[in-house]
Amino acid sequence: MFDTALTAADLVFLAKGAGMTLLVTAIAVVLGTILGILFGVFRYQVGPWWTAPLTFVLDVFRSIPLLIQLVLANAFMGMVLRWQLSGFTVACGVLTMYTAAYCAEIVRGGIEAVPMTTRRAARSLGLSWGQDMVNIVMPLATRVALPSWIGLALGVMKDSALVYVVQVTELLKSTQILITRLQEPLFLLLICGAFYFLISFPLARLGGYLERRWSHD
Amino acid sequence: MFGYTFQWKQALARLPQMLDGALVTLQIALLSMALGILLAILLTVFRRSGSRILNAIATAWVEIARNTPALFQIYMAHFGVASFGIHLSPFTSLLIGITFNNAGYLAENFRGALKAIPDTQARAGRSLGMTPLQSFRYVVMPQMLRIAFLPMTNQMVWAILMTSLGVTVGMNTDLYGVTQDLNALTFRTFELFALAAVIFYLMTKTVQFGARLIAARMFRY
Amino acid sequence: MIEIQDVRKSFGALEVLKGIDLTVAKGEVLTVIGGSGSGKSTLLTCINGLEPIDSGRILVDGTEVHAKSTDLNKLRRKIGIVFQQFNAFPHLTVLENVTLAPRKVLGMSRADAEAVAVRQLQHVGLSDKLGVYPGRMSGGQQQRMAIARALAMQPGYMLFDEVTSALDPMLVGEVLDTLRMLASEGMTMICVTHEMKFAREVSDRVAFFHQGVMAEIAPPAQLFDAPQTPELQRFLAATA
């Protein structure tokens, strides 16, 4: 179909880019989710007044472009603190906070969706706060939160395309480098798009399926 | 405290240029939302039309928009279409890319909203002699837009943030593009981008606040 | 005139109308009674073409409802229908609810449509609610608004599908009063209802449906006082 100058070496180059995309995404999603759960539970437990500073900071991460977050973090670390961090570290750090900011909202929403009456019933049976959290709230909140969380993880994967700005060569950047060299933009972009799509689409479907199934009972 | 002297004055001196950029950013975001909403309504009608072809077109659009990076979509609108000999300006490519993305996400929001509207509403419209399209337009759609108003506000915020991606296709008149060019002149990277961040933050907050006012005025039922 | 000729209709394996023959003359008030699942509500939605039929014919003023060549949107202007759920359009005020179809379907000007709407709303006793949203009204008021909304299209026929079944008992009376008024004005009506007292008062004829068959049809005095079939006798005994 396509008469292409693409070589096996180029394909390996693309595959490395894809590997980088997945690696950055995995690190950010794992760390960001842990932080997000901590922030979310903290916000719910302590109440809006005392957590206002945290709420504000998390909101900032959701209100300015990721590209600017990356540039700012990089400039702050390099120019201001004179810490020589790799672009990879900066990318993972920023994406982690970015993930945590959205994840905290999802977690809070999940906890709030657990009816107070259910929790009172648990506590009245003599369960401690921790036992109530682990045995009652977590399983119920997870049902509400999991579909949104899948969406978030996929969102982070797609947004990780922006870490090129701190010199991390992920999939889209690899594609662009090849485009410049081979001058076959459409073909290369289609390969790149197909990769994202093939990972994202089935998982998004799974999220939608879980949401439908769990909203019925 | 730091071994670095902040030079905020230098950055602030560039504020007028950056605000001009912010206007361009807002313009692209608003335009892409207006077009995105219209296209999303069209996609929604396609999905309800019962036609296999129209449904396939709409589904493909929605799934590609939601399952690939926005940056990829903007690249397609710029480098991708260039393969067909179509050379679009950065502004046009950016606008098309964001509009495509908006329409896909909004169409999905609309689908969710429609689930909350009982079928009996459309039926009541039909029983008064309306055509299916009239019944959708006058009975179902206004309710759909109300239910989807919050997601629409979020999408508008996304649209503002997405304009920053225009720089990758050579856009240099929007807020991010202007900031980047100023950075190349002055090397006050942190100060300039921090200022840009503040402007972006204020823009998104204004949009969210404005949306609340509009909702309070428009949806009195 | 509405002519129903040997109409059959199934939902999957369930046959809900098993060959119905019925004619309703201009100016007649027909009430249809029967247990749930007797097919009486389905018949109404077939008459205005909201449901397709499997066989038989339904003619409204000589136009065959389910013929391919029939413009259903046009035909429905002649046939007003009011449902058990009020189906108020929640995003529109009472006045807008009533003017919407006259403006968009009949192409009336806003002023003309409002004049008609105000008249119909006065008629059902809602002239003080013009600017109110349906969500702020009682079920009875919403249902009267739905009646005014159908009447604003100046239909030749009105179909009422258990219009009081979703109402609090306290609110049933005001809606039935509206129906009585329409009947006394000579509107051609088919009312599916569970209100036996109402059926006896207003009807020219009452039809009893049982398991998809019209088991009996007669003037109210005869049908209620001298039921012929054992099914109707049992039904009346159970509802008395």
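Should a chain be cited, it is by its letter among A, B and C, assigned in written order, with residues numbered from 1 in that chain.
Criterion: a contact is a pair of C-beta atoms (placed from the backbone, for glycine too) under 8 Å apart; a residue touches a chain by one contact, two chains touch by 3 or more.
These are the chains along with the protein names UniProt gives them: A = Amino acid ABC transporter; B = ABC transporter permease; C = Glutamine ABC transporter ATP-binding protein.
Being a predicted model, the structure only gives us computed values, none of them experimental.
Once subunit B (ABC transporter permease) is taken out of the picture, touching joins the leftover chains into the groups A | C. Closest to the middle of the protein, by Cα centroid, lies chain B.
Of all chains, the one whose Cα centroid sits at the greatest distance from that of subunit C is A.
Taking each chain's centre as the average of its CA atoms, subunit B (ABC transporter permease) and subunit C sit 46 Å apart. Taking the mean of the C-alpha atoms as each chain's centre, subunit A (Amino acid ABC transporter) and subunit C sit 55 Å apart.
Chain centres here are Cα means. That of subunit A (Amino acid ABC transporter) falls 20 Å from that of subunit B (ABC transporter permease).
Residues 118, 120-121, 123-131, 134, 138-139, 142-143, 146, 219-221 of subunit B (ABC transporter permease) are the ones that touch subunit C when the two sit in their complex.
Listing the residues of subunit A (Amino acid ABC transporter) that touch subunit B (ABC transporter permease) in their complex gives 60, 63-69, 71-72, 75-76, 79-82, 154, 158-159, 161-162, 172, 176, 179, 184-186, 189, 192-193, 196-197, 200-201, 204.
Contact residues on subunit B (ABC transporter permease) toward subunit A (Amino acid ABC transporter) in their complex (touch as defined above): 2-4, 63-64, 66-72, 75-76, 79-80, 82-84, 157, 161-165, 167, 176, 189-190, 193-194, 196-197, 200-201, 204-205. Taken in their complex, subunit C has these residues touching subunit B (ABC transporter permease): 48, 50, 73-74, 76-77, 80-81, 83, 85, 87, 89-92, 100-101, 104-106, 133-135, 146, 149-150, 153.
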